[in-house]
Amino acid sequence: MAKLNGNWNYYQWADCGKGFGIHSFLLIVALTCLFPLFWMVRSSLMSMDTIFADTALIPARLHFANYVQAWVDGHFGIYFINSVIYTASVVSGIVFIASLAAYAFSRLRFPGRNFFFYVFVLAMMIPLPGSFVPLYVMMNKLGLVNTRFGYILCMINLGLSMSILLLKTFFDKMLPDLEDAARLDGCGRLGIWWYVALPLARPAIAVIVIFNALNVWNEYILAQLLLNDPSLMPLQRGIMLFQGVYSVNYPVLMAGLTISVIPILLVYLLMQKHIVKGLSSGAIVG
Amino acid sequence: MKAKIGAFPYSSGMEALRCYAFIIPAVVIFGIFYIYPFFEIFNLSLRDWNGIDLHKTYVGFDNFRELFHDRIWGQSLLNAGFITFIALTLQNMLALALALACDRDIRAKNFYRVVFFIPPILSEVVVGFIWRWILNAGSQNGEYYGLLNYALSKLGFQNLAHNWLSNPDSALICIALVHSWKGFGWGFLMLLAGLQTVDKQLYEAARVDGAGSWSAFKNITLPLMMPVIWVVMILTVLGSMQVFVLILSMVGQGLVYHTEVPVTRILSAMTGTNRFGYACAMGVTFGAILVGVSVAFRALAGKMKPA
Amino acid sequence: MKKIVIILLGVLIFCGCGKPREPLNTITLWHWMTDRDPALQELARRYAKQTGVKVQVELYAPSDTYTQRIIAAAQARVLPDIYGILDKKEIFASFIDNGFVADLSPYFKKDNGAWEKSFFAQALDVNRFPQGNIYKIPPGIYGVPIDVTNIQMLYNKNLLKKAGIARPPLTFDEFMADVAALHRVGVTGFVSGWGEMWMVDCFASNYAFNIMGEEKVMATFRGELAYTSGEWLKVLRVFQTMAAPGVLAEGIVTKTNKDAEQAFALERAAFAFNGYWCVNVYNQMNPKLAYGVMMPPVINSERPMKIWGGAGSSFVVNNHSPNKEQAVAFLKWLTAKEQQTFLSQATLNLPANRAALSDIPPVLADFAKVMDQTTHPTIWPYNEHPLVTEALDRGLQSIVIGEKTPQQVAQEVQAVKVRVMAKKK
């Protein structure tokens, strides 16, 4: 509107100044965030001869061969597929199980409700060093060692508490009007959870999807504890092999790391749209 | 708490059972994979065990008694507390400021949304690697290798050039700042998600009433955002108190005891000095401390809620 | 909803059943050596071709992850046929004591000790429990070394020339004079990965052996000589002397070994303290680097320098394994000359088998020359309590950054020692 006028008044100038201030602040922070990614990609395109010597921002010769080497030597093909399977199943499992529980904790009344909820929240706070010993012994007894299923269950457990807490916080904020309406329409608990609660909690679900996807995607310690077969191992195991004590091939390592970052970046890009979509439901949430 | 109005009343046992069906999957998985190891760990914390022996000697609360007098453990808690303090203040304030900025209709907000989340996506190893290079203290004939010292010297602040990571005065501060830098994206994301659920009409109404942006923030945004802010704070506390991979990748096994945190103590007790029982006692104590801190926060958040 | 159900069902079908255990003429080997995995896989393939016995080589890395897995598997009693123990002698003893490790002496002694004689004595000593050992383990050899190692100092030939230094220093005083000369031409003197405790410990141990001799070091461990004694103060003062400006690379106490290797490879320091594996690392980082190997310069010239060395990596055989004989046969084959040569050439490691030493690169051969002057905590009759070692190593770091004096550190370490001794009683 200001532009139509031609003559800006004080407030408009102030607004513009404020906008400039905000943008330069945002830009500086954004640059510090972009730098490591840029540096990683840059290093991944150099060769062993130039990585320590070449100080130019953009290397003179780009070695895309590093990516091929990382993919082939790191056996990334199979690891990549495994990681996709683990991430997809753990995340969908967590969303399913955690949202059911969080909805119950937020909306349903039953004896021991608070007790169970606080057990979950407390568990999130108590780290269990050395729990790998009882965990392995138990998984072995259950016959779940070296199975995808066992690993997936363990990973679901890791993300459960935090997801329940976050989802419950969002369910608590929702006004009950819509649920009441749904109930009048003859919806049961499950129906309300599915048709009303879940769509409304979309921003929160997007957050826990990102959070858990990142967790699963970057996990390698449990994987190497519970799995034997290399064909069941996730991507991070391939990365760990590059980082072996004696290996110093930074360009290939960086290429491997770049490959491993791309999918998670994609998940984030897909999910953050849902965070924005929550906007449309603003009228009924508050 | 008003939300309970809309809740289902339970009248019979059958109704309660139907409610339980919602939490059963979570409880079962949790019981097997968390509660069981939890009791095992507690059991181990009462024993003297090197991690290998099939026989684990019962020693009562000896490990806890020793822990109580362990000065290094105390220092590690203080160090983690310092990192957490920086994260709670600096990191969360930054996250909130950025979330508020991106919640408005500004240009390129999608760009910012994506970019701010890059540090959390990168692995601690990469982050440590890059920051070690930036903070490198080495020099030859006055030319600094590290980016920060190099920049300082080129800008004429040679005397500010510093041994960032090997100086007890700056090592922990550097770690805390890098940790905050790596972590603010999470707070940003969750706060942004929370802001999306704040009804924009409320702002309109406030503007009509002549409220400035600060008072709108204080009277509308903050109260409505309190539950989310609480979650973000709790997660910040938990994440910062348990930081360790970043420390390992920035300063190796640490600068004397100046960069020691509880988790690095637990790890070194476990595989460094082979005192598994002691490590488990540390874990249990540490858990109790975290629970205490979280409960205190909860109480604080409850108090700050408008009546 | 439908989507989630389908995904979950898919997952269940996908991962429903575990794999059956391996058949009997397959032996399983767990290791942690990322750099040697391809070579080991290749050897396993060759072995299968020659004998029909399948060796399943499984790699778990990094080494902490591997250690966790071994610990967990021991408790679940599902250790593989062949594995390695990456820990102190005391823990090794614990493994034997609980029946997780087979005594291999009979196999070593067979045919007049032919297998035993093929190894460097130091490499076998790491796996040996002698008569009357303090862990009360029946005397015997419990592991098979696949390579040997030692940790020495390296010097950059060009940088030394630049400072007008004709030959690498032999004594510590010469070393300090050389470093001063290097400092004058703007070159940093010494770099090492002192952000890793064991490297600090190793350096200190070298000088402790040089200054007071093995017997007095052992007496300290037994609690008979105090850390506040003059000899130990001398050891601590080595670090104080080196903390002078220009001697140590900036930030040495938080450098990981990899960082330190990079600094030396990029000619940012004239001397380094590192293990033989650095040959491989420097080769990759800077193939043009001109460097040589030297013993750490002595302080007490009446006693030759003793450096850490011995077996680099060893394998043990699971005592409960049904394939014990086959596992030993494989290890015998693995440590024969041909396989050892292959391993050392493929991965630039020093072979444990003496006969395989002929065809290795010259710098690596220089490392191998001083195997007779090596010692290692795993072959000492006594070991320091890990809590005391930790206090000592951290104390050395604080001397280097000028936070504490040798006296203060000596008192603190001694206090920990007294506490530990009291607890033992």
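Going in written order, the chains are labelled A, B and C, and every chain counts its residues from 1.
Basically, a contact is a pair of C-beta atoms (placed from the backbone, for glycine too) under 8 Å apart; a residue touches a chain by one contact, two chains touch by 3 or more.
Note that the coordinates shown come from a computational prediction; the quantities given were computed from them, not determined experimentally.
Two chain pairs, A-C and A-B, are weighed by contacting C-beta pairs, with A-B ahead. Ranked by distance of CA centroids from subunit A, the top chain is C. In whole angstrom, the spacing between the mean C-alpha positions of subunit B and subunit C is 35. Distance between chain centres (mean CA atoms), subunit A to subunit C: 38 Å. One finds 16 Å separating the Cα centroids of subunit A and subunit B.
Within subunit C, contacts with two or more other chains are made by residues 68, 71, 75. Of all residues in subunit B, those that touch two or more other chains are 51, 267.
Residue positions 96, 133, 135, 243 of subunit A are each in touch with at least two other chains. Those residues of subunit B whose C-beta lies close enough to touch subunit A in the complex are 3-10, 15-16, 18-20, 22-23, 25-27, 29-30, 32-38, 40-41, 44, 51, 94, 97-98, 101-102, 106-107, 111-123, 125-127, 130, 181, 185-186, 189-190, 192-194, 196-202, 224, 227-228, 230-231, 234-235, 238, 242, 263, 266-267, 270, 276, 279-280, 282-284, 286-288, 290-291, 294. By the touch criterion stated above, subunit B contacts subunit C in their complex at residues 50-54, 132, 136-141, 145, 163-168, 171, 250-257, 267-268, 271-274.
Contact residues of subunit A toward subunit B in the complex are 19, 22-23, 25-26, 29-30, 32-37, 39-40, 96-98, 100-101, 103-111, 116, 119-131, 133-135, 138, 153-154, 156-157, 160-162, 164-166, 169-177, 179-180, 189, 193, 203-204, 206-207, 210-211, 214, 218, 239, 243, 257, 260-261, 264-265, 268-269, 272, 275-276, 278-279, 281-283, 285-286. The part of subunit C that touches subunit A in the complex is made up of residues 1, 3-4, 7-8, 10-12, 14-19, 33-35, 37, 58-63, 65-66, 68-69, 71-73, 75-76, 78, 258, 261-262, 265-266, 277, 280-281, 284-286, 347.
On the side of subunit C, the complex with subunit B involves touching residues 64, 67-68, 71, 74-75, 87-88, 90-91, 94-95, 97-98, 100, 186-188, 193, 195-197, 249-256, 259, 263, 268, 386-387, 390, 394, 397-398, 401, 403.
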